[in-house]
Amino acid sequence: MDQPALRQLLEDLRGGLLEVDEAVERLRRLPFADLGDARVDHHRALRQRQAEAVYGPGKTPDQCRRIVAELLAEPAGPPVVLTRARADQVEAALAANPGGQVTASGELATVVWRPAPPRPGRVLVVTAGTADLPVADECLAVLSGLGFAPRRLVDCGVAGLHRLLADLDEVLEADCCVVVAGMEGALASVVGGLTPAPVVAVPTSVGYGSSFAGLTALLAMLSSCAAGVSVVGIDNGFGAACAVGRLLR
Amino acid sequence: MDQPALRQLLEDLRGGLLEVDEAVERLRRLPFADLGDARVDHHRALRQRQAEAVYGPGKTPDQCRRIVAELLAEPAGPPVVLTRARADQVEAALAANPGGQVTASGELATVVWRPAPPRPGRVLVVTAGTADLPVADECLAVLSGLGFAPRRLVDCGVAGLHRLLADLDEVLEADCCVVVAGMEGALASVVGGLTPAPVVAVPTSVGYGSSFAGLTALLAMLSSCAAGVSVVGIDNGFGAACAVGRLLR
Amino acid sequence: MDQPALRQLLEDLRGGLLEVDEAVERLRRLPFADLGDARVDHHRALRQRQAEAVYGPGKTPDQCRRIVAELLAEPAGPPVVLTRARADQVEAALAANPGGQVTASGELATVVWRPAPPRPGRVLVVTAGTADLPVADECLAVLSGLGFAPRRLVDCGVAGLHRLLADLDEVLEADCCVVVAGMEGALASVVGGLTPAPVVAVPTSVGYGSSFAGLTALLAMLSSCAAGVSVVGIDNGFGAACAVGRLLR
Amino acid sequence: MDQPALRQLLEDLRGGLLEVDEAVERLRRLPFADLGDARVDHHRALRQRQAEAVYGPGKTPDQCRRIVAELLAEPAGPPVVLTRARADQVEAALAANPGGQVTASGELATVVWRPAPPRPGRVLVVTAGTADLPVADECLAVLSGLGFAPRRLVDCGVAGLHRLLADLDEVLEADCCVVVAGMEGALASVVGGLTPAPVVAVPTSVGYGSSFAGLTALLAMLSSCAAGVSVVGIDNGFGAACAVGRLLR
Amino acid sequence: MDQPALRQLLEDLRGGLLEVDEAVERLRRLPFADLGDARVDHHRALRQRQAEAVYGPGKTPDQCRRIVAELLAEPAGPPVVLTRARADQVEAALAANPGGQVTASGELATVVWRPAPPRPGRVLVVTAGTADLPVADECLAVLSGLGFAPRRLVDCGVAGLHRLLADLDEVLEADCCVVVAGMEGALASVVGGLTPAPVVAVPTSVGYGSSFAGLTALLAMLSSCAAGVSVVGIDNGFGAACAVGRLLR
Amino acid sequence: MDQPALRQLLEDLRGGLLEVDEAVERLRRLPFADLGDARVDHHRALRQRQAEAVYGPGKTPDQCRRIVAELLAEPAGPPVVLTRARADQVEAALAANPGGQVTASGELATVVWRPAPPRPGRVLVVTAGTADLPVADECLAVLSGLGFAPRRLVDCGVAGLHRLLADLDEVLEADCCVVVAGMEGALASVVGGLTPAPVVAVPTSVGYGSSFAGLTALLAMLSSCAAGVSVVGIDNGFGAACAVGRLLR
Amino acid sequence: MDQPALRQLLEDLRGGLLEVDEAVERLRRLPFADLGDARVDHHRALRQRQAEAVYGPGKTPDQCRRIVAELLAEPAGPPVVLTRARADQVEAALAANPGGQVTASGELATVVWRPAPPRPGRVLVVTAGTADLPVADECLAVLSGLGFAPRRLVDCGVAGLHRLLADLDEVLEADCCVVVAGMEGALASVVGGLTPAPVVAVPTSVGYGSSFAGLTALLAMLSSCAAGVSVVGIDNGFGAACAVGRLLR
Amino acid sequence: MDQPALRQLLEDLRGGLLEVDEAVERLRRLPFADLGDARVDHHRALRQRQAEAVYGPGKTPDQCRRIVAELLAEPAGPPVVLTRARADQVEAALAANPGGQVTASGELATVVWRPAPPRPGRVLVVTAGTADLPVADECLAVLSGLGFAPRRLVDCGVAGLHRLLADLDEVLEADCCVVVAGMEGALASVVGGLTPAPVVAVPTSVGYGSSFAGLTALLAMLSSCAAGVSVVGIDNGFGAACAVGRLLR
């Protein structure tokens, strides 16, 4: 039940075309029957700087194509992002939905359609090693899609602290830092200790066997001795970008 | 080397009391030799709204007392918080350091000395069940110490969605939501889906055996389908409050 | 907003005391603003054979007392159950809320107030060993509170198959079997292979070190080669009883 | 020993062709010697609405073909289901055993031969995301094979609650809900809180790294705060369908 | 149905007191109805050298007392063993059931009643460190109860190989070796490499944190490079003794 | 140093060709310097019924070929087994070392050269499902290589107990049972409860996601309520055969 | 068999008092029969700077007393250390073995008897937080017992990098650094990146729930991006000291 | 700010071209602004015997080529190592950067450019089985690159102790032992018990399922009963070589 329908119902009631009992009954179910539409409208307005994401793995190229098209069909919607997509998924999605901005990194790509207008906020994405770049690049692509102009610092692993400290000004000036690190994930603690700004940590599945596909970095970041560092899931560059989108409204 | 010492060195140089070569040598080591003091000053200015925490478990009452006193000795420092403290630790710390504000919840207490002045930002702490209250209360106590006036919604577990939806306005108006939940931790996803604001999720070690002391809620929150929810460690109400302190500078 | 308030609003509208625009505005928020009350009514009617549970661990005796009282205050409510309660919790809760039926097993007790009227359905609770009895007894107590007259078979571990097969008739005649087992949890598979009825498996934290506090039984039951066995959490006798309550409506 | 043989033995005894001692001896071993046949008959009668499953992974196309043929050879048997089959397995099995109904979803297919006659019971399969569809489709295919006419609701993840609430009537009218969800698996708790009917939760191996191939959803569902939700193994759509088959006899 | 009852049935049939149809019906259920008794007799005869165990943890002293008494009530039964018993359990069980042989080791005791007559077989129990003794002693006590005269070698950890090699003759002459080790559990591999006899490995929960309560030793023993070493559960000295009882029939 | 060399040394000493000091020096290092050779002889004599195994995974075809050749080069050595070999490994090894007996099962094969002469002992290998056959077949191939004439019972999963009980005589007559099972691994407990003979359990990596690649079956077997069941590593059919070789010397 | 005995045997042989055959037989077993004694002598000489440790947990005070006495009985032996001892264990051990040096830290103590003479090597023990002190103190006590004069830096957690950098000279001058850290264990990587000297990392069981009793720090240290950092077990300050003892021979 | 810039600043100050206040301000930031360069110089001098590693997995051949070139561009730098490289990575890196020394083992290769000059120190790399060779070979290649002339002992698994003891002299003479072992990793304890020298243990991901991709060996090595054994990450031969580089400066 959308607002016109609701208005009609109330006018029918006022005009005597509807009994109070019947109106009560129909309205009693309103919360649920119409919640969908109502929420969608309200919700989207509230969230319009967030992105609608299509997660590539496990989808056919055709599914990617259709879902992206569906999301773009709604005029004035939020940015649409295809994440962790293989080449054939990217190709199919772009053929049917031209205009997407592709960021390829490693074997996976991120595509952004309908980026949001520019918005303020200095976001810095810091990575520990080059192997963390695919995750950082997903994050950067989505941040751009959300309207930010993020900067990135690469190869700042804590075993060579000087590399991070050399760019300390960048760290100190950022309104929000995303730290992308695999292995022992210590960079999140170090950055968290340097800046009073929000730090969103992204563990990556990078490293020898004892990294356990990101579990080690994940646990380390959650146990960070730098108070107030918060963490998203393993390799979830998209989620980190969305967390930033929430922080810097 | 603090600023007066640095000034003296430079004035000695300018006054001809020091050779350039010697000054170069002394200054070349400066980054490390004096980094401590220099960093402390700068750091503290930057972080002055954060809290210095004393983590109770594993410390003797006397250690609690002494560390709190040491932190309070520095005038104009940040708030000091004693977390997860047993009764004997609280007693010892308060006897020597009067004026602490005690928040007792369950078997543990949080004590805050020298709270920060009031600061803006509507923070909402939502809990899934009454058993999550000790963690939420630690978070609330620290938030208050940081100068916020946080509100709390209790008992909003997703099995009774109406309880949360009844207070939807509070959720929608908050500048930041902290979600404290054990068991399956689903509340973080639901709140994250309702609000565009930052959501900091705190998994708690509450629940039957399959909760695995918070691991289940932790993993669930990290895997949240609500994009941009970020997570701190298990039962870490203090960390969540600090994350909020970073977000709402 | 409850039904009388809704009726008043609509009568005001019909009587011209309220403009359509204002009514639309107030009703548009109804799903959320009043959802709570509305849901509660409807919900409770639908769920009235389920139990409201108070989970003992982590609560003070006083909290147990007050929450039970609150739940009993609502006339015609569902059964109220205090689970996994220590002696002091039971005492406090019973002192203020007389009439509870206590089932003590091992070091923990279950208390049921306001049991549901008798309902049909033959429920059989089968246990693998005597150490599983506390969990089975919690389940049996809640089943009784829900109105069932459950039966129990004890000590039917699969290492002595004859003990179970001796009571095969009971198994075959049951409308639903709850299997409570620790160690390797194999009983769930065996019972699941014998009966076509629903089987709810409850892993328990019973056994030597390799049982890993119920994890072994949990995983084994989830991997059961008897198709269609479903599982609740470790030691969660309460949950199993509620699952039965859902199955045998 | 089947019934005719048993009858013959007894008639021989009654007719004096057999001594009591010899009959005792032969009958004393009867439980074991003949248990197989006896059980098979009885068992199958009891379970005739369940399905015989052939689990595809690890089998050669030829093995799939032969096992399906063997199961179909027994006249009046239960439905036969080939699950998680690759294209070459499906092809081989269908070539030799025509008439199977193929449900392909993602890279795997489910084939059902000899479906059971229609049976009552409204079963609703709810999925959290599109990536959960292959598991849901396996479940739906087996449910159809068991004689149900299941309905499905897709893309009801809890981050957009309105999508589920929009179809609340379907949820409330179902005799049984199967919830298929990966990531944090929170949908099971939300559905469990909305309906008093049985809820069978199926965790899926969908999600970023922190989903740990379904472990996160599995643990979350087992720890559900909605009492009485029961769970089957990861990605086990077949098992969920069989659980429904048990519930709705 | 025991043999006399079966004989009576058959004689009734032969005597015309029972119809064939009725006898068929009663006998058709026999496998299950009587399986219990039949199995018990046969089973016990077959297993008479094994022990009936009462696992102490989680039982009240009174339960220990009653279960032991019940097991001893059956004349000519197998040995009865109370394992991992606390002092109050031992006291209660012995008071009501005199004659038990107590082996106390660490904080737990093993009590054996009605030991089996001596049987051949040289069993050697080798331990890695003194902290493994409580588990080894449980094993030794049960082995004695089963009729063996086991020997023990203590403190043979692989970090001091010479200690084990000094007693190589004992190892080489044993018909079966039980290896009890915590920490890294390497002793099982070394003993397994020295002797061609069966080696039963018992991981213990001994060691610093990285031993993870026996998990490390358990996994190491299961991964032993000495082919043919087999393993029982963590700290399960009782199980190892029973495994030996099976091996040396 | 072998026995002839030792004898020569001693005769040289006795004959005055060697000084005592020099003999002491040479003999003092004997344990280590010559231990290798000495141990090999002695060892092999002691272990001559065991097999030398070449574990296929991770080796090149050429490595397989060479190692097998090396092992066969020693006349009168024990059986040589190539386990878990791919087709190219088998081919390379057989081309250079003809006469090997190939057992192919699933995608991997076992090859046995120089089998041991027949030896007594009735060994029964019981499997829970057809997917467990590759592991069981590796075990059977190695058992044959060790000189046994093992029998096998397939598809005896505990969900259809009658299938196992139908062959109860085989179980009861076996001198040793190997139980090969994935999923919940319950078959080991059931067989362990039926027979007093040694039971060696082999967990397999068979099953849906909750089987966790054999971990579930492994833990379940280690936690077996049938006392005295012992366990080897996941999918380790070779190890189980060697354990039997030790038991039935 | 020690050297005099060996010499006697050989002289007997040379003198005709012993036949060659008998000598062969006695010597054939020598590698094993005498290996023990021979190894002990040699071994101890080689290892004389290491310590003999008595691990307190799980031992009775009397066992502590006796084992320490036994180790001290051998004149000129290595240092003897009682680790992780409770007050009653310390008391018992000291009463019977006076002269031990007690280091109490937290609830556990380390006692060293017969310390080694001073040896060169600058060892630095760095800790992340005050809660790590008990483990660091065990390490320091054992290092002192081994003859070192270790220094310690406390409270150098990476969240406040300046604290560590302020003492950079100490780090750079050390011949070996032991890093003791719980939580995320990042300090090991940072120290490893600063110094080219050996770094021995000790994870501690310090931290909120996500530290998982040291597992997080353990994994993080093993995954360190600072190449060449090596790790000992959780809370194993004793092991770290011994590792240093090996490094700085 | 490098030294010339610092000197200029100071000379400007001395020459009156710069005010003290301004100099203070610029120097106050010096620690960070220049830390990078300063640290690099100092750092590299300190670490010049270590290697710069390029970790192959996850990098494109082109990335490998470029990073190696970049590292080699700096004259007089440390050795450069490409680890765990696939054939196409090796080819690309060598084509652009000739002169690299390739060590291929299994499917991966290690390439070393610009090896360090010979340095003293006897390093022994001991492996448990042939499947551990790829990891050992990576370690050996890097050790050679660091200037050592390492030796290797293969196939010394503890199940055949004599193989290790036969080469005891090599073990006893080594200044440092690297132990490379999968499965149960027991070799580290045995070697650690034989030698007083430093032992660096490398767990490998070799073995049947219960090895859990190296976790078993990792935990076993960390729990070693040979005090002072230290451990690097799973399969991390590179890290072990670097640890040796630190030990034997």
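In order of appearance the chains are A, B, C, D, E, F, G and H, and numbering begins at 1 in each one.
Definition applied: a residue touches a chain if its C-beta (ideal position, glycine included) is under 8 Å from a C-beta of that chain, and two chains touch if they have at least 3 such contacts.
Computed from a predicted model, the values in this text were never measured in an experiment.
Asker: Which chains make contact with subunit B and with subunit G at once?
Answerer: Touching subunit B and subunit G alike, sorted by label: A, H.
Asker: Tell me the angle, as a multiple of 5 degrees, of the rotation that maps subunit D onto subunit H over the C-alpha atoms.
Answerer: 180
Asker: Considering C-E alongside A-G, which chain pair is linked by more C-beta pairs in contact?
Answerer: A-G
Asker: Just curious, how far off is subunit F from subunit B if you go by their C-alpha centres, in Å?
Answerer: Distance between chain centres: 57 Å.
Asker: Find the geometric centre of each of subunit A and subunit F from their Cα atoms only, then give the gap between the two centres in Å, rounded to an integer.
Answerer: Centres of subunit A and subunit F (C-alpha means) sit 53 Å apart.
Asker: Just how far, in Å, is the C-alpha centre of subunit H from the one of subunit G?
Answerer: Going by mean C-alpha positions, subunit G sits 25 Å from subunit H.
Asker: Could you grab the centroid distance between subunit E and subunit H? Build each centroid from C-alpha atoms only and quote it in angstrom.
Answerer: Centres of subunit E and subunit H (C-alpha means) sit 49 Å apart.
Asker: Which positions in subunit C are in touch with at least two other chains?
Answerer: Residues 31-32, 34-35, 38-39, 160-161, 207-208, 210-211, 218, 222-224, 227, 233-234, 239 of subunit C touch two or more partner chains.
Asker: Between which chains is there touch?
Answerer: A-B, A-C, A-D, A-G, A-H, B-C, B-D, B-G, B-H, C-D, C-E, C-F, D-E, D-F, E-F, E-G, E-H, F-G, F-H, G-H
Asker: If you look only at subunit H, which of its residues touch subunit E in the complex?
Answerer: 128-129, 157-161, 182-186, 188-190, 192-194, 207-208, 210-212, 215-217, 219-227
Asker: With touch defined as at the start, can you tell me which subunit F residues reach subunit E in the complex?
Answerer: My answer: residues 46-47, 49-51, 53, 172, 195-200, 218, 222-224, 227-234, 238-239, 241-247, 249.
Asker: How about subunit G: which of its residues touch subunit E in the complex?
Answerer: Residue list for subunit G touching subunit E: 29, 31-33, 35-40, 43, 55, 57-60, 63, 67, 203, 205, 213-214, 218, 233-236, 239.
Asker: Which of the residues in subunit A come into contact with subunit H in the complex?
Answerer: Contacts found on subunit A: 106, 129-131, 134, 160-163, 165-169, 206-211.
Asker: In the complex formed with subunit F, which residues of subunit G make contact?
Answerer: 3, 6-7, 10-11, 13-14, 16, 20, 23-24, 27-28, 30-32, 34-35, 38
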